[in-house]
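First up is the structure itself, then whatever we jot down about it.
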Amino acid sequence: MKIVGIADTTFARYDMGKSAIDQLKSMSPEIKTVRYTVPGIKDLPAAARILFDKYDAEMVMALGMPGAKEIDKMSAHEAATGLITVQAILGKHILIVFVYEDEAKDESQLAWLADRRTREHAVNAYYLLFDQEFLQKNAGKGLRQGYGDVGPLR
Amino acid sequence: MKIVGIADTTFARYDMGKSAIDQLKSMSPEIKTVRYTVPGIKDLPAAARILFDKYDAEMVMALGMPGAKEIDKMSAHEAATGLITVQAILGKHILIVFVYEDEAKDESQLAWLADRRTREHAVNAYYLLFDQEFLQKNAGKGLRQGYGDVGPLR
Amino acid sequence: MKIVGIADTTFARYDMGKSAIDQLKSMSPEIKTVRYTVPGIKDLPAAARILFDKYDAEMVMALGMPGAKEIDKMSAHEAATGLITVQAILGKHILIVFVYEDEAKDESQLAWLADRRTREHAVNAYYLLFDQEFLQKNAGKGLRQGYGDVGPLR
Amino acid sequence: MKIVGIADTTFARYDMGKSAIDQLKSMSPEIKTVRYTVPGIKDLPAAARILFDKYDAEMVMALGMPGAKEIDKMSAHEAATGLITVQAILGKHILIVFVYEDEAKDESQLAWLADRRTREHAVNAYYLLFDQEFLQKNAGKGLRQGYGDVGPLR
Amino acid sequence: MKIVGIADTTFARYDMGKSAIDQLKSMSPEIKTVRYTVPGIKDLPAAARILFDKYDAEMVMALGMPGAKEIDKMSAHEAATGLITVQAILGKHILIVFVYEDEAKDESQLAWLADRRTREHAVNAYYLLFDQEFLQKNAGKGLRQGYGDVGPLR
């Protein structure tokens, strides 16, 4: 049984945590999820560390939706830096799944993107836990999470 | 009894620490606050670490009001990065509550914003300490601290 | 007896270390200063750590005067980030006292500003060491170091 | 026998990992490679730490192809910062081999660049492991990985 | 006997390591240098840590010549941040000696600048190791490495 921590926020405008848990559960009975919700993305590094230290997570998905303003992009940068620092200290994966408000043309496409990107990162979490070989076979293939893959260079 | 550290500054132009303490006290008799005031926001990471190490805080609220100049925004970025580093090292929450001078149209609205954002983050501190389930129910709901919530995507 | 480390630079164009030591000595016979001079601001994080580790400093003042060019501002950012990292690791205060060349209209005002800002931060060092209550009474009062205080919001 | 960890991504549009392994194998029978593929460049710091901690790598090559958008450049910056943090903590080399989409005039040149830069960094890995003297002889020679060397100043 | 580590690069277009070693040797028979050459500036933090951990260096000089492009300046920022992180962790000095391609009007002036700045930082290394008092006497004197000193404010 592998525990995947799901850290998400009340700031986000889509329930990315639900998408992540739903996708992970559909992929393997050997994955158990533990959810931990925080107010905003800058709270995610502590959340991730707590999921590793107190909930025995083997991996964490950090889900967030930064706003469109300059200050929100700085918050996303600070949050990502902190999430990478936790990984550098512990040597454990935190999949950073951020969806920016200005990545879609309207709210309904943004909701679609948030769901899809989260699910595709959940699939990545599965492969990181159970099938490194599959990832190696896809190295350099130009895979993307959310919008379509761009594919390898021709 | 849970101890919440309140780190604030003499640089700020509103007594955010008072708002935080007042709000936390109104929410639960099980919360004890310890206040620690520093000159400016770049002193907050040390303050937070001191509140954890010497005052047994379980969580810290870091309160500040960066100025409007470019150099003030860089200070806010450096302070936030440091506050996130402390969280990454200790795995404890520091709620970063910053109010920027250019977020309001005049001084009286800025004072209102500083009070309200601080109180709403204090509410978040309460939920992080006592009611993770409530936060999970509100994941993805587009909640904001200060101005009105934007709500989930339609 | 409390030891305050004074880290300053030969790059600076004003002897801020002297101002700091003079001010601290005038405030309390219980403060002992240890000075450690380095070439430039990027050397201050190591200096601060050395003052804590080898000279038993309880607090450090890091004094510098970044140049006016873009690259100098980046150096100041890198130095400040490092000084905050040391604080995050050790939980001890380093008061970062930087005076930028473009903050004054001419050399004589810049010298005045360097002296005054340093002295006002030295006063802060005193309060951090001996009178936390005084700082709390001044929380949110819009205090500044160097030019005049802006005061609380009206 | 020296183990070199090869951390690469499925996001990249060229199989840089294959180039690295091929080049390293051609250089010495004393090098063993261990490959570890992750989704994107922000996952590389954890991958590198895992290669050091669990696979006994003595050195890691971190291979990635950031996209051309502003947000991709920020991701590259965050990934590089994390990879350098791991090096600062462990004192082990991670050769950061990033190829940016806008470094070439078309896809075929980009593929050529990705292969060549990776191979030239693999050669550097070899020298770091086995021939420090060779590197010292080439200090200050204006060597580049990918496009041609610029040579020493005249 | 004090060991000074000299970390330099094959990317640089001038043999700064040679200048550093030559200058240090001319200053004191009590200094022993250990050289460690890496490909580029982003490899310097690991190099510095290795010089401290495995070669017993008491201080390190990190020598590099970042290119003139935007991406090169980002590399320099990441390298400097990492070098400062190593100092923050260990409390040992790394003198960061970077010469930017666009700091000189032509190649011959750039070569002159690289030599001179390196030598002046080597002199600083000497004072940090043997004569703290000299540095204190020069605090606030507006000293520069490379081009002429600007002197104290008038």
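So that you can tell them apart, the chains are marked A, B, C, D and E in the order they are listed, and the count of residues begins at 1 in each.
Operating definition for what follows: a contact is a pair of C-beta atoms (placed from the backbone, for glycine too) under 8 Å apart; a residue touches a chain by one contact, two chains touch by 3 or more.
Keep in mind that this is a model prediction, so the values were computed, not measured.
Undergrad: Going only through chains that touch each other, how many steps at minimum separate subunit C from subunit D?
TA: 2
Undergrad: Could you name all chains that are in contact with subunit D and with subunit E at the same time?
TA: Output, common partners of subunit D and subunit E: nil, no chain qualifies.
Undergrad: Subunit A and subunit C share one sequence, so how far apart are they rotationally when you fit their Cα atoms? Give it in degrees, rounded to a multiple of 5.
TA: Superposing the C-alpha atoms of subunit A on subunit C needs a rotation of 145 degrees.
Undergrad: In whole angstrom, what separates the CA-based centres of subunit A and subunit E?
TA: So the centre of subunit A lies 40 Å away from the centre of subunit E.
Undergrad: What is the distance, in whole Å, between the centres of subunit A and subunit B, each centre taken as the mean of its C-alpha atoms?
TA: Chain centroid spacing, subunit A to subunit B, equals 25 Å.
Undergrad: Counting only residues that touch at least 2 other chains, which ones in subunit A make the list?
TA: As it turns out, subunit A has residues touching two or more other chains at 81, 85, 89.
Undergrad: How do the chains line up around the ring if the path leaves subunit D toward subunit E?
TA: Start: subunit D; next: subunit E; complete ring order: D, E, C, B, A.
Undergrad: For a test of understanding, state which residues of subunit A touch subunit B in their complex under the given definition.
TA: It is residues 8-18, 35-39, 42-43, 45-47, 49-50, 52-54, 71, 74-75, 78-79, 81-82, 85-86, 89, 107-108, 110-111, 114 of subunit A that touch subunit B.
Undergrad: Looking at the complex, which residues from subunit C come into contact with subunit B?
TA: Result: residues 73, 77, 80-81, 84-85, 87-96, 100, 121, 124, 128, 132, 135-136, 138-145, 150-154 of subunit C touch subunit B.
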